[in-house]
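Take this structure, written in structure tokens, and hold onto it; I'll ask about it next.
Note that the chains are named A, B, C, D, E and F in the order they appear, and that numbering of residues resets to 1 at the start of each chain.
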Amino acid sequence: MKFAIQVNEGPYNHEASVSALNFVRAAVDAGHEIFRVFFYHDGVNNGTRYTTPPQDDINIVNAWSELAEKHSMDLVVCVAAAQRRGIVDEGEQERNGKDGNNIAAGFRISGLGQLIEAGIQSERLVVFGD
Amino acid sequence: MSDIKKFMYVNRTAPYGTIYAWESLEVVLIGAAFEQDVSVAFVDDGVYQLLKGQDTSELGIKNFSPTYAALGDYDVNKLYVEKESLEARGLTIDDLMALKYEDEDDDWAEKDSIHVVPAAELADILEQQEVVFSF
Amino acid sequence: MSTLHTVNKSPFDRSSLETCLRLAGKGNAVLLLEDGVYGAMRGSNASGMVETALSDVSIYVLGSDMKARGVDVDKIIDGIKVVDYKGFVDLTVEHDKVNAWL
Amino acid sequence: MSTLHTVNKSPFDRSSLETCLRLAGKGNAVLLLEDGVYGAMRGSNASGMVETALSDVSIYVLGSDMKARGVDVDKIIDGIKVVDYKGFVDLTVEHDKVNAWL
Amino acid sequence: MSDIKKFMYVNRTAPYGTIYAWESLEVVLIGAAFEQDVSVAFVDDGVYQLLKGQDTSELGIKNFSPTYAALGDYDVNKLYVEKESLEARGLTIDDLMALKYEDEDDDWAEKDSIHVVPAAELADILEQQEVVFSF
Amino acid sequence: MKFAIQVNEGPYNHEASVSALNFVRAAVDAGHEIFRVFFYHDGVNNGTRYTTPPQDDINIVNAWSELAEKHSMDLVVCVAAAQRRGIVDEGEQERNGKDGNNIAAGFRISGLGQLIEAGIQSERLVVFGD
């Protein structure tokens, strides 16, 4: 079955990211397809490579990046939400005149239409948030 | 799976205290371009999103409430407000913005977009949906 | 259209569970996860609401979130079923859609 | 030690206001701000609790947060006073400490 | 202003669902080095922070509950749990971790750090504080 | 009077930052001193210069930076909370092997002791959060 996942909260502050990660892993293990993971609201903060979590805790950003690499998973960060919260890729860096970027490996920044499309194309939308 | 899906956006948070109301409305607006069968529900503190007379000028932040009036132009005209949520807050439909749309199937007659429905009816409406977005 | 509802908030902190149970159709399923698992406990001020709901909906609780919080399976209301993440995925497949009461 | 309590949550969404009123000492002050301003409205399911509390504590509400939300001053419970940010600052000075019920 | 202030940390959130419980505990631990007169209150869902037997291994996240046991060693031994919050959740003190400290003024006798107090008593304790930290 | 301010939530997602800004401005206007503003939990996200909010909305990060410059206000971002959430200054960049930093002008990263000290040194602590 084809799943779309929406993540509304940033890593560590809320459990939503961890729940989404565990759900995605279980779905992949069960042979399902993840059409897209869409990061919205503070969820965009899952996509920064600048985090350095404590060594005795989960590295949530890296966990997403590994899923993206291993399963060619599409991790999309909402551009409007990202601009409000300071998540920047090379394109956004140039467009907004920033002196650097912080997007993590495997994530891409795109529009809200990607969430709507995920709702249309997938058979189940599962939302994790506050 | 039909080409057109029944999309439901559920709003349960008050405006301004958190951004969920505003970023939810942004999804509804973008989603309108995809020509799905769209409904929007306002439940619990979500009903506060529709209160008349919002004015954020003293706070210095953006007042997004005028945007709700644009929903009708985007063919988003099935706005369901749960009766129980309104009543618990001491509100009536007269406290809400009068959101309208022009019905192209009825000689462009102006009609109300907001429908106040009891929980049992909203439950039925939720049952008929195919995709539910939560914020 | 059978729906799986998810509730991730404590019934003492938020209205999510109460609203979910008010608006869930007969025969629907409800999964309690994250802080929502506290709603599965026996003997609390919220237990009565949950026990009543069990005659209309199936209620599940995510075992890993229970364990994390020290909520023992012995303290769960009779009739609530414990599932793991695989069970959570299965529930989303068995129902036609998922409604998250955040 | 006179305390100013702040409540920034809707009484319908969270337990903050109820808990604040349960634990506020007699003669303390309570300021409603952000989504807390909904707790100042007349005729809701939460109004009774607030009206009762007014015999023990002074209650204030932040005008700019009311206006932002379309909460008209005419709809406020009698006895609750509207303040601006300057008034908020003054309240923190007049009391010995601030307790934020987040 | 005396050199030693009465500090109160108020915990009202459950653990793991959000990080407030854990990052609050980090403040209490760091604050212990400043030798203030420290109290910690557990109210509403904050009482869940002290539940016995927390095991996060299946979630893959850090279990910080063992850290509460260290509070006694840092002279943080006035932990007030509101009775009404416990009872509303169907809990008793036996459901909580047995947190102890050694009283240096009483020949290092081992004593309980957790005090279950009714709301009226907790209100009095709050009145006596000079600085209240909320998370 | 001497104030300490604690901000627990990030900009835009919660009103806490805006409330804190408005409170700080009113306190300064009334002649009070702001001993320190301490950013904790997701509040650390107030301190990134990578944000590009919509032009018709408040620029919260810049508003803090302007206060810092105009009133020499001490804006402290908690280091532990910042590491979990990807807020990095030059020191943290070097320490954690990051390829850049995103701290905004007027903010500094420091330890939780700065919050305790603010509680001791100031006459009032006012907390804004979720």
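Throughout what follows, a residue touches a chain if its C-beta (ideal position, glycine included) is under 8 Å from a C-beta of that chain, and two chains touch if they have at least 3 such contacts.
These figures come from a predicted structure and were not determined experimentally.
> Going by average Cα coordinates, which chain is farthest removed from chain E?
B
> As a quick test, compute the distance in whole Å between the mean CA positions of chain C and chain E.
29
> Based only on mean CA positions, could you tell me how far chain D sits from chain F in angstrom?
Here chain D and chain F have centroids separated by 26 Å.
> List the centre-to-centre spacing of chain C and chain D in whole Å, with centres computed as mean CA coordinates.
Taking the average C-alpha coordinate of chain C and of chain D, the gap between them is 33 Å.
> Please output the residue numbers of chain B that touch at least 2 other chains, ranges allowed.
Residue numbers touching two or more other chains: 16-19, 44, 59, 61, 131-132, 134-135.
> Please output the residue numbers of chain C that touch at least 2 other chains, ranges allowed.
8, 12-13, 15, 34-35, 64-65, 84, 97-98, 100, 102
> Where does chain F touch two or more other chains at once, residue-wise?
Touching at least two other chains: 8, 12-13, 15, 22, 41, 54, 80, 84, 125, 127, 129-130.
> Judged by the touch rule stated earlier, which pairs of chains are there in contact?
A-B, A-C, A-E, A-F, B-C, B-D, B-F, C-D, C-E, D-E, D-F, E-F
> Can you tell me which positions in chain E touch chain F when the two form their complex?
1, 5, 7, 19-20, 23, 26-27, 30-31, 33-34, 36, 131-135
> With touch defined as at the start, can you tell me which chain D residues reach chain B in the complex?
Spelled out, the residues of chain D in touch with chain B are 8-10, 12-13, 34-35, 38, 41-45, 47, 63-65, 67-72, 84.
> List the residues on chain D that touch chain C in their complex, please.
The touching residues are 12-15.
> Quick one: in the complex, what on chain F touches chain D?
1, 3, 8, 15-16, 19, 22-23, 25-27, 29-30, 32, 124-130
> Could you please specify the touching residues of chain A with respect to chain B in the complex?
Within the complex, chain A contacts chain B at residues 6, 8, 40-41, 80-81, 84, 111-113, 115-117, 119-120, 123, 125, 127, 129.
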